[in-house]
Each structure stands twice: as structure tokens, then as C-alpha cells.
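The two complexes that follow have subunit A in common; it is paired with subunit B in the first and with subunit C in the second.
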Partner chain A sequence: MIIDRKAAFIGLMLCSILFAVSVPLLVGIGEIPEKAFGQDVVTLSQVSSADPLKADIAYGLKGVQGVQAASPEIYSFCAIGQEPVFVRGVVVEEYLKIENGTLSPGSLNETWRFAVAGTRLAKRMGVGIGDKIVLTGSVIPKVVEMDITGIYSSPNGGGNDLLVPLWVARGLSGIGDGMVHAIRVHASNLTAISAYLEGTEESLVISQGGGVSTPINTNTSASGTETQLALRYLDSATFKASNGSYVSLFVQEGTENVNVVVGGFIALEGTLTFVGSVAVMSRVLAHRRKEIGILSAIGATRWKILGMTLYEALPVAVGASIIGVTIGGALAVAIDQFGLLVMFGQSVVPVFTLQIIIMMIVSMVTISLGAASASAWAHASARPERTMHESGEEAVQQKAFDLRRSLEAED
Partner chain B sequence: MSSIWVRMVLRRSRRATWTIVGIALCTMYLTGTISLVEGLHKTTSDIADRFQQGAILAYRGDALSTSRIPENVLEFLKGPVAAISITEANIHVRGSSALVRSYVASISDPDGIINFSKADAGGYMGVNLANRFRDLGAPLNQESRLLLQEGISSTEVQVSAVFGGGTLVSSDWLLVEKPTLLALDQSLNGNISVIVLPEGSKADMELLRAMGFEIQTSMTVVRFFELGIYQIEGCLWAVLLVTSVIVTMLTYSALSIEIGYRQDDIRLLKQIGTPGSMVTGMFIARGGYLSIIGSAIGAAAGFMVANVLVSFTTVIGVTSMILPQASLTSLLFPVIIVLLAGILGAAIPSGIAGRRILKEVPS
Partner chain C sequence: MKRWAPLVLAAILIVALCVRLVPAFSSPYPYNVDGYPLVKGAERAISDGHWDIGNAAEGIERYNAKMPLFSYMLASLSVVFGIEPMRAVQLLTALLGVVAVLLGYALAKKVSGSETAALACAAVLALSGFFVYLTAAAMKEALGLALLLLAFLLYMGREDPKHRMLLAAVLLLLPLAHHLTALVALLFITIAAVSSLVNKWRGGVLKAHGIVQEIALGPALLFFCLAYYQAINMEFYTNVSSVNEIALFGAIAFLGIVVGIILSLPAMTKPWMFLDLKPGKMPVPMLFDEKTLAVLIGIAGIALNSRRVLFQGTLLTSDALLAGFLPILLMMLVAIVGYNLIRYSSFADKGAVAAMALAPIAIMEFSVARGLDPFSFSLAYRAFDYLDPFIALGAGVGIAFLLALLWKRYRDAPAKRICACFAVGAAFVLVLAATTPLAYESEQLFGVRNETLPQEFSAGEWASSHNLTEVRTNSRYYEIYSPYFGMSCDPTLPYVLKEGRNPGTAPLLLSDEWTADGAQSFFSTRVVVSQASFDSAVGGGSLVYCAGPAGRQMLIVLPG
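Here is the complex of A and B:
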């Protein structure tokens, strides 16, 4: 037997755990914009800050064939105490239909002045129904006091926002009466929606999942909805008059800086997992260097030793990867449940799909076998007489320290 | 024997050199990333300070309507200041059954900070409060009189105008004169609810913060992004913790291999009667020695590589404003992690080998 299976299993499983904790969370980070702006539904958004979207379109859309819900929304980026909060101006009933959300027991059926916190936000802020919060303006100076009138929860990692009436959100974001940033629609008949919107003669952009955008009554081509919303929000005339251009720069630079750091981490994470596996396999094979030396001495080629190592490592790698990915996945879920990872007020929810799970197991098996190959090749390439010698000490200089000689000299 | 002990700890070999290189790389990675995370924090904080964030609000507790601040606090402040007194009340329109629970406030703004020209006059109603009465079937006009009630206190006020959304105060507030407010809420006698400072009043803001006030700016989009980036730092620390485990594993493996190769030395030392603790101590010292050398080199290289990486981001077309920060954390955290891993990596294998060899060679 070339490898110490128990030691290899424990080491590779630890590497798999670390890998499996990181990957679903990193994928989750990438999905935050999609969750915030709801790419799973049809989104109507303004073409530019000079052409705001009328909330009335949402009320008109409710009569269009195939439309199950139409939620007019205003987005305000605010801070309450030390918590960045995405404040969403909505009509609660429509918003909950879009998100498949529900109000928790005890929530008040208030329609004029309400503040409904998502379950995750309420947990982070330590607030409940009846508590007061102070909201200040997003891009214009404003101060508003609100009572928390309800808590909502929504599947798929929602529940991070604070829902307020459209009139409160207009006060925070400085957009005009009757206007909204976007309308999100649950619909089965996009053709009917397009026909209705063309009839309104309003300029807007329809965005669907997968980045497909259709301009209506305008020639403007549109990129990703989340980009439009974020940048156009900060492009509002009121804010521009104060310091909008600086903030656009701030957002752009901030995003790039974060991408540099996070991108670097992703690359280094994969590399470190490989290096960690190499360390494990090197240590495991180092304990068997005498056996490898004997094999070399009796004529086993490097390829033969490599083949034997891989044959023994494969079941260990598969077992360690499956168990490691399972434990790592459970840890990622625990991190989510405790709300430990939050970015811009949005919880980082680990993403587990069959493809991701298979990808993680295959990657870890590949990394483990790669690490085993690298270590086995290095040991098999050494001269047998050196490998078989228990010390294997190689001096930096010719005068190596030798304990036996030193003790004899001292006697 | 002591000189041999020292020479055993400090002896040089090609494998020891590679162990030091491995440890240095691990430390470099940890130091570099921590200095980048700390650089991100400082850059974000510096940039955020450059933006307008509106007037500064200071109040006590969690809410404006329950905050009570003695008026004499204003005497400690050096710059211009405005004050808002506010309470909650039931508002009835005389001659109708319409009732709305909302906020009644009075404003003192001698320096024009709030930018509300008629702030001291009474009976100004926010447009959304007026809309609410309209929706309840009680549209307001110049003759409308309001009955304000809170507990057993009540007072009346005539609506003189409606104000829109272009002011600091919320459009669901009713602005009245202070005596009217006092008739409604005696706890505001000699007290105010909110102190409003003009933007940039750092000295007064810090003074109020030191006095235990809640401080909030009236425009928070920049603060949102600042706090959001700080949350990303939290994520990065978590990732760093995960990678620290890998680094610990690497260092442990490197040193346990290094110690594992010295088993004939351990056997020899046992044969001449060297106590087990001394043998283990020797290898722990060797592990510590290699770890310290490696981590010192790695820490220095980490700062250097982080700076180089940031400089090179412009080559790939990304402008990075992060300047890696050297701090006690970015220096000590990686060194301690690596040192602990190194000592463990030396102690466990030498202890195991020692016990095994002790059975082979009874002293």
C-alpha cells in the first residue's frame, strides 16, 4: 500500500469542506443583483432620469390579459444606524404577489403609512412590529419616522428590504409625484403587455431574465436592468445638482475595487485548495518514501508508481470529496441561517444546484488526484537509495550537520 | 549537549530552506490579503468623507418622537444649529369624523439650516397628511380647524398652508408653534427632540456623539455604499478565516515532513538517554525557528506583493484606489497563525515519533 488512506482521507476531506463552503457562497454573491431586482419577472424601467415611469402604468397593466401582478417600485439606498438598508417603495399586496411573499402573524393591514421589514432585515436590526425607526433621505435631505407595521418573508433568500409606501419612498429618493423607478410584472403573455405599453406612448424598457431587453416607444438599447436602475437612480436631476457625478464615480470605483479583491480571492481559493491537497498528499507519501524507494529499486517505473498511487488515491478522493462537500454545504447553510454574510444589506445565500454540487465533487476529485500525482511523481523521481534512507537529509552546503558525528566529537 | 541542541535547532538543509519558502508564501498570502482588506476599509472611509451627506441629525434613543433633549445642550455647541420638537398625536378635522394619527412638530431654525422659510409659523400641514384627510373624505381648506389630541391633552390649530416634499421634514408632519405643541405634550417643556447641524459640523457632531446622542445624516446613499463595502469586508474576513485553515494545514504538513525526516536523530537521542521532553522541545523550537524566519520574510513580501498587485490593476484596465495598509493586525495575525501551525506541525509528529521510538529503544 503506497498511501496512508486514513491520513489522506482526513486531509482531503478538510480541503473539500473548505472548498464546498466557499463555492456556493461565492456563487450566491453573484446572484444578489438578480435577487434584488427580480430578473425572474418582467421588469419595466425608465429609459433615463429625464423620462420617469408613471405608476399608473402598473394599475393599467393589471387589466391586461395574462398579468397576475404588477408592482410599481421606487428604490432608495439608505442607512439606518450601522445597517445599509434597501428601502423599497411598493404597494405591499402587489409586491408580495411578485415575490410569493407572506406577512407574518401580527402584521397590521396598514396601507397609508407602513414600514414592513423583511425577516432577515428585522433579525439583523433587532426590530419587531410596533418598534419605531428613523429613516433619512437617500439622495435628498429628508427625515421620516415610521412604525414597523409588519414583517414579511419571501422564499429564495428574500426578506432583506424595508417596504414603505410609494409616497415615503418618493420623499427619500426625490422623484416626482406619481412616478416610480420600475414596475415588476408577473405575466404569462408578454405580447399583450408590449401591445398595451406601445398604446400608452410612454418610453420605457422591458427586461426579462437572461439580460433580454426590449425598448418600447424609444430607440434606446438597454443593458442589464440592475445596471440601469442603479446608475439611473444616482443620475437623478436633484442629486446630480448636488454631488451626483461624484457618487457615480464612487459607485463605479467601489464596484471595481471590490471586484479586484473578490476576484483575487476566488482565484486564490482554488489555488490554495490545490496547494493544501498537495501538502496533504506530500505528507501522506512522505511516510511511505521507503516503500516507494523499494519499488523503484526493484524496477518500478515512475509511471508505474504514479499509476499505483492514483489507483489507491481514487476511492479515497471520491469518498473524501463527497463527505467533504456534504459537510461544507451544511456549513454554508449554517452561515446563511445565522445571517453571517451580508453585502450591501442583502444576505449572501449559498446556491446549491445539481450542477454546482457535481462540479464541486468533480473538481475536488480532480484536485486531489492532481495533488497525489504531483507528490507521487516527486517521490518516484528521487533516487531509490536516497528515498530508502530514513533521513534523506540533503545539505545546503557540503558541511551538513550530522548528529551522530557531533555526539562522537563531544565525547 | 546544549550546543548540539542549539545546532540541531538552527541547522541548515535544502529541505529546511524549502520549508521556510513554503511558510513565507503562506504568510505572504495572509499578510497581503489582510493589508488589502484594511486598505479597502480606509479608502472607502476616506472617499465617503468627500461626499455631501446633508444636514446632521442628533437625537436620543430610537425615535424622534420620544427623544427629549434639554434645551441647554444647545449652549455647548459652537456652530449654527436648528432644533425640532416633535410628538405623536391624533389629528381630527373639525366637522368631520376623519382621524389620522401622525406627527406634530415645531421647528426653531434661526440660521436657515432646514431651509424651511416659514418654519416658525403655525398650522403648516405636509402634503401627504393633507392627501390622507382627502382620501378619508375630509378635504382641507383655509378655514379647516384641526383638533389635536394626545392622552388627556388637546389643542386646536387652524391650517394655514400645505407644504410639499421638497423640505427636510417629512410630508406627513403637521408643523405648529411651540406653545401649541406644549399644550399637547408637556414633556417638551424645556426640551427639544432633534438637534440639526449643518453639513460639515464635525466638532459639534463629535461632541454630541460623545454625549451619547444618535447621529444620522439626512442623506444616506453614500453611507449605504460605505456600510455595504464594510459588509463585504466582513465576507472577506470570513474567506480569510477559511484560507487560514489551509495555510495552517500547509505549514503543519511542511513542518511535520521536515520533522518526520529526523526520526533517526530522535532514535539516537533516545538511545543516549535524552529525556523525551527535551527531544520534543528541540523539535518544537526548530518548528518555531523555521516559522519565525518564514513568517518574517513572508510578512514583508506580503506588503510588497499587495502594493505591486494594486499597481498592476491599471495594466488590465481597472483603476483601483485601494492602498494596502500595514497595521498591527495585518502583521501579527498571519505571523501568529503560522507560528502556531509551525509549533503544532513540529510538536505532534515529534511527540508521536518519540513515543514510538521509546517503545523500540527502552531507555
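Here is the complex of A and C:
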């Protein structure tokens, strides 16, 4: 037997577990901005942050043909204790329609003073109906104490937010009475919405999925008084080119930039897995150096030894990858369930698709077999009279050179 | 030592001193605003005659008084030579830089035994731009780096009891010099000591007194450091002393130790190590392994960030900085070759060499893992500075190897081999010299001016002499006037003016530079104030002080 199957299996399985835990979670991080602000809805937002939208527009939109729900929203990044929380000022009924969400049994049907936590947030914070929470202002000094009046769940991967009334959110985010940051609309007739909005003579921007923005009643020039904290970072040509829609821009820029980071981490993770798997297979074969030497001595060619190695390595690699990916996937789900990984106030939901699972298993198997081949070839290429008599460690130690001599100019 | 070596070393040290004194020609004040509280501390030490944290004013001055070693060295230099601390600070920092270069030479000599490697290592430390900046700017870190290099050197010679005791003394002094350096040193000593013990255990020579010695005179000294910082309520220490942070730091330190152990063991995890090559031949992957990939990815990331912002909220990499990275890339590649030579050699303290890099890397990992806040950001970018000694050592060994290779290859053609070695040596020096300007171009590279203009300092003197105890200004002037002149400063004026808000009732200390180049504000980019807002602020009160040429003019405006 050329390969120490037990050692190879354990090593490769550990690499697979790390790979399978991190990749779905990293992909999940990439989807957070879209989940928080975007999804399959139309978003209305102001031309620049200095001119918030009137919440009345949302109430007027409900009478427009094809509009199923219009949710006026205010966004505030807060902290409860040490936990980052995304607080969303909403009209609960409209918000739940947009998100296809439902209130859990026991939730109070409050419309004036409520704090409705998403299921994921409630789990992460360990709070339930009736518990008290203290919210602090995100951009202005403000403290609000509230009771949790309900728990909501959403099938769209939501359930990370804390829903509060618009008046509370205004206090936390510092925007004026009757104003909101954005209105999200579930509608089948965009033309009717545009026609209605043109009639309001309000300057705003309609944003759809894919970064398509339509300005209404505006020449789209950005106002020079962009005072929102977030827009300090977006005071750029990109911002102006987006017709000044900061929600649309948040989704686009956020997704794009998070994807750059996520892509980078996946590449890093892949490299680490590659290095780890190569190290495991190399070490496993180094322990069989003498056996490989004996095979060479009795006439086995390099190709024969390579074939034998691959024959033995294949089932080990496939088995370790499948079991590792399964365990890793389970760990990723557990991390999600216990809310252990939170970014931007949102619990990260791992993404498992068939392509991702197949990609992880195929990568692991390919890397393992490649590493096994390289190591087997190196051992089989050495002179059998040496390999028969030395272990892998002895071979490496004998190769260790004298640093001083190698740096000396004299021969 | 070869006959020519002392001459070359002396030349390197003189060059090191000269390049560190360059900022003194443009301004007599500390190169970097961090120098003001240190100068103040020295002046207070001279006047008080003793160390008393309680005597220092609340804020930056008291924070610096908790790590008084630099200030007390400055005070000593000042008293002995009769130079005011303000005038002596640049000289002291430059001298510390030269000491660091000399220690780098000794360290490389100790590790490699090669005079060429040691001189090359000294040359890297003498000329490499970022290290020149670190040891020319008046910062506690400059002293910390010199002590850290001394700790590295003493650890390599720890078999000698004198070295061992001196090492313990340095480790005990470091918390008084600089907190982050103390942390790096203790992480280094922990990783190095554990990998050394593991190697002794594998070799069957581990003895109980050896364990006690390694631990008691190494990592155990961490407790003195922690006790001191706990007792004085050290600012940054309290940021990372919660249970969660300690657990995270412990986990990352543990990983660092594991990697340190792996890097000190025979490399059985690389397939190319088993290739049966001719004696003296080295496979290319041995010299350029996966570490090369990490460097290339890092540099590619920086290059990409010069064209589009990779991380929202950060700035584009300037072309000047990008150009500065090309010679650094070359130096890093040589350093990888050098480190790999150490890694795959029979050198006994491979774990200690690896620990020189693993300690700052562990801190960077900790800072990224704990959260993306300003504290983590400052921790990560400062931890980068501590990789310099490791890179210098690697580059020194790498270039010595290359020169030895050429020397041996052209053994039958003396003229050719001299020419080849001279060309490589000259190219190496040119590459290093190409990075040196990075030490002085922080304004072009990062928008941060380090030198203090005379009118900037005079404005503070004027304000102080006219009993202005409270001013509204930007964060750069806050860092100068608050610790040195004892003024209460609000550093938010550029934001207030940018947003067209009322600047309030406090006297304003501002510069007309803010309307063109922007006001220097810590952590954010320069804040440009509109001419109208600026004029409104100046016209809204009484202009009582104005000095300096247009575009660099300092103004003091009293409200009303």
C-alpha cells in the first residue's frame, strides 16, 4: 500500500471541512446588500440625501394600478449592547407584504409603538416578546427604550432587522417629520407608477434590479448639500452618474465591493486549501518513501507507481471530500442557525447550490490527486538504492544545506 | 570579518544617518506630529527631575507619559549635550535609526554567518523608504524598533547567559518604550521559544531547566507588561482586554505558534523537496514557493486599487505610491529567496526567524478579525512596520546567495564575475535607493504632511502667549497644539466649515491651505473647504494673527 489512507483521509477531510464552511458563507456575505435593500422590488429614493422623500407618496401609491404594496422605510445602523443591529423604520403591514413576511404567534398588533424583531435577530440577541431593548441613534445622539412587541419571519432570507415605527426611526436617524429614506414598492405596472409620481411633482428616482434608475421630475444634478454620513464616501462621479439614488447606489456599490472582498477571500481560501491538501498528500507519501523505493527496485516504472498512487488516492480523495463537504456544510448551517457570523447587522446565510457543492468536491479531488501525483513522481524519480534506505524526513534533512557555505563566495 | 567590511559598514551607517536627517533641513521641528508630546515629556522630565504620569496633562501628553522611555532618552541627550529637546529630537531619532541598522547588521551576521548578507541587510534597513520613515519620524516606534532588533539579536545568542539576561531586561523595558512593539516582541519570543522547545523535544535534548528558562525569561514576562498596563490604565490596552478580545488574540497567537513549529521542522510537505537533484542544485520552487504568490496578489491588489476602489470608503492608491511599490516588489522577491534559504537550511533557529514575521502577521490577523473599526485599522497598518527587520534579513541573505552564485558560476572568468557581482550589487542599491523617497513624500503619497512649517508652530506660540486656551482647528493642529502648548482643541473645524455650519464661539485656528489642498484630518482624506465658507469664517470674527506665504498662511480668528 503506497498511501497511508487513514492519515490522508483525515488530512483531506479537514481541508474539505474548512473549504466547505467558508465558501458558502462567503457567497452568503456577497448577497447581503441585495437582501437588505434590493430584492425583487422597485425602490423610490430621493435625488440627493439632503432632500428626503415624503412618506405620503407611499400612501398615495397604494391607490395606483398594479401596486400590491408600498413600504416607506427609514434605515438606521444601531447597536444594542455590543451587537450591531440594522433598524428599519416601517409601516409593519406594508413591510411584511413586500417581504412576504409573517408575524409569529403571540406578536402584538401594535401600529403606533412597536419593536418587531426578525427571527434571526431575536435568536442572535436572545430576545423575545416583552423583553426591553435600548436603541441608540446612529448619526445623532438619541436613546430610545422599547419593548419587543413581536417577532417576524421572512422567506427571503430576511429576519435580521429590527422594525420600528417611522417616528422612532426618524428620531434615530435625524430626518425630518413626514420624511423617509426610501419607498419600496411591489408593483406590476411601472408605467402607472411613473405617471403617478410625475403628477406629484416630487423629484425622485425609481430604481429597479440590475442598477436601472429612472429620474422623475428632476434633471438629476446632485445637490451640493449632501450631508448624510454615508454619502461622505459616495461623493463621487459614480454617485452623480447614478442619478443621485443612494439606495440604488448602496445596492450596486455595496454588492460590487462586497463581491470584490468575497472573491478575494474565496481565492485566498482556495489557495490555502490547495496548499493544505498538497501538504497532506506530500507528507503522506513521504512516509512511504521506502516502500516506493522497494517498488522501484523490483522494477516498477514511474508511471506504474503513479498509477498505483492515483488508484489508491482516488477513493480516499473522493470519500474525504464528500464527507468533509457534508460536515463543513453542516457547520456553515449551524453558524447560520446560531447567528455566529454577523456582517452589517445581518446574519450571514450560507448559500448552497448544486454548482457550489460540485465545485468544492471536484476542486478538492483534483487538488488531492494532483498533489499525490507530484509527490509520487518525485519519490519514484529518485534512485531506488537511496529511497529504499531513507525515510522522507531523512531525505529532507539530508538535503538541508549549510547556509554559511551557500552564501560564501569562495568555492 | 573581511578587511573591507568595516569600511562598507561605516559607509552604510553614515548614509543611514544622512537619509534620516534629511527632514531636519526642511524644518527644525519634529518630523511627524507624534513628536510633540514626546518633546513635551522630555521638557517636563528636565523641569520636574523625575517621572510622574500624574504630572502630565490629560489626553495625548498623559498617554505618552505612560511610555516615557523615548522622552527620557531625549531629556538625557538634551541635558548632556545642552541642546533643547525640540532641537535634539530629530537627531535622537536619526541616531536610533542608525543603531537599528547596526543591530540589523549584527542580526544578519549571527543568522547567516555571511558578511555580505549582513551588509546587505544593513543596507536595506539604511535605505528602505518605509523603514527610513519609521526611524526618522519622531515616534516611540523608532525606539521600539531599535529595541526589537536588539531583542531578536539577543534571542539568537540566548545560549550565553549574559545575552539571556539582557534579553529579559529588554523585554521588561519595551512596555515603557512602546506598547505595540512590546506586544510584537512578546509574541515573537513566545513563538520562537515554543518552536525551539518542540525541536529540542524531537531531538531528545529537552530538559526541565531549559523549559523553565525559555518560558520564565521569555513569554512569562508578558505578565509584567500586562500588570503595568493594567495599573496605569493604558488606553489601547483597555480596547483589547475584554474576554472576547483576549480569546480571539489567544486563538490567533496559538495558530501563530503552530505555524512557527511547522516552519521550524523539516519541510516534508513540499513534493519538490524529494526530487533527486545533483548536489548543490536547488529546485526553483524551493526558492520561489507559495509565499511569492501572496506577495504578487498583495501587489496586484494595490495596483488594482489604483484604478478602482476595491474597498468602499478607502482612497485610490496614488500613482506615486504604486510606482514606489515596484522596487519593494523586487526586494520582497529577493527576501523570499533569502527566507527560503534559511527555511531549508540546517540553521537551528529557523523557528525564531519565522517568528520575526509571524508576530506582526498575527497582530494583523487579530486586527482584521476583531472588527473593521478605526482601532483595528491603525493596529493593522502599524503592525506592517514590524515586518521590515524580517524582510531586511531575507533580502540580505537572498542577495548574498545571488552574489555567491554568480561568483561561483564565473570562477574561470575573474573580470566577468566582478562585473556581474558589481552589476547585481549596484542594481540592489539602486532598488533600495528608489524606495528611499517614500520616507519624505508622505504628502504626495498619503496626503499627510509630516514636517511642521515655521508659521504653523509660530501660530501656536502666539496663541499660547496670548492665553488662548481653547481653539477650534483641524486634527493636525490638534496633535501639535494640544500636547505641546496645552491648549484645548476641537479638531472638527474643517467639517463644520465644509457643511456651512456656524463655527461657534471658540477662537478659530485655520490655514488658507484648506481651500486648495484641504485640511489634514486623521483617518479621513483631506477635507477641502469652499472659499466662501472659509471667507465667511474669517470675516465672521476678528483676524488677530496671520503668518506665512499665501497658500500656506496660518490665521487666528477671534469670534464676534
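Please note the rule applied: the second predicted complex is superposed on the first by the 294 of 411 C-alpha atoms of A that agree within 3 Å, B and C clash if a C-alpha of one lies under 4 Å from a C-alpha of the other, contacts with A are read in each partner's own complex, and residues count from 1 in each chain.
The rule is short, and it goes like this: a contact is a pair of C-beta atoms (placed from the backbone, for glycine too) under 8 Å apart; a residue touches a chain by one contact, two chains touch by 3 or more.
No experiment lies behind these values; they were computed from the predicted model shown.
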Inset, instruction - Using the superposition on chain A described above, determine whether A:Leu341 touches subunit B (first), subunit C (second), both, or neither. - result: first
Inset, instruction - State whether A:Phe77 touches subunit B only (first), subunit C only (second), both chains, or neither. - result: first
Legend entry - Touching partner for A:Val85 - first (subunit B), second (subunit C), both, neither: first
Legend entry - First, second, both or neither for A:Ser381, with subunit B first and subunit C second: second
Inset, instruction - Look at A:Ser188 in the shared chain and tell me whether it touches subunit B only, subunit C only, both, or neither; answer first, second, both or neither. - result: neither
Inset, instruction - In the overlay, answer first, second, both or neither for which of subunit B and subunit C A:Glu408 touches. - result: second
Inset, instruction - Quick one: classify A:Ala371 as touching subunit B (first), subunit C (second), both or neither. - result: second
Inset, instruction - Kindly classify A:Trp167 by the partners it touches after superposition: subunit B alone (first), subunit C alone (second), both, or neither? - result: first
Legend entry - Partner with the higher number of touched subunit A residues, subunit C or subunit B: B
Legend entry - Intersection of subunit A interface sets (partners subunit B, subunit C): 253-254, 257, 260-261, 264, 268, 275, 279-280, 282-283, 286, 392-393, 395-397, 400-401, 403-404, 406-407
Inset, instruction - Report the residues of subunit A in contact with subunit B in the complex, numbered from low to high. - result: 11, 14-15, 18, 21-22, 25, 29, 77-79, 81-85, 112-113, 131-134, 136-145, 167-168, 170-171, 177, 234, 239, 242-243, 246-247, 250-251, 253-254, 256-262, 264-265, 268-269, 272-273, 275-276, 279-280, 282-283, 286-287, 335, 340-345, 348, 390-397, 400-401, 403-404, 406-407, 410
Legend entry - Complex contact set, residues of subunit B against subunit A: 1, 3-4, 7-8, 11-17, 29, 33, 36-37, 40, 43-44, 47-48, 50-52, 54-55, 57, 59, 62-66, 86, 102-103, 128, 131-132, 135, 165, 168-172, 194, 214, 216-225, 227-229, 231-232, 234-236, 238-239, 242-243, 245-247, 249-250, 253-254, 256-257, 260-265, 268-269, 272, 309-310, 313, 318-322
Inset, instruction - Under the touch definition given earlier, write down the residues of subunit A that touch subunit C in their complex. - result: 225, 227, 232-233, 253-254, 257, 260-261, 264, 267-268, 271, 275, 278-280, 282-283, 285-286, 289, 371, 374-375, 377-379, 381-383, 386, 392-393, 395-397, 399-404, 406-409, 411
Inset, instruction - Can you check the complex and tell me which residues of subunit C touch subunit A? - result: 111-114, 116-117, 266-276, 282, 290, 293, 297, 301, 309-313, 341-342, 344-347, 397, 400-401, 403-404, 407-408, 411, 499-500, 524
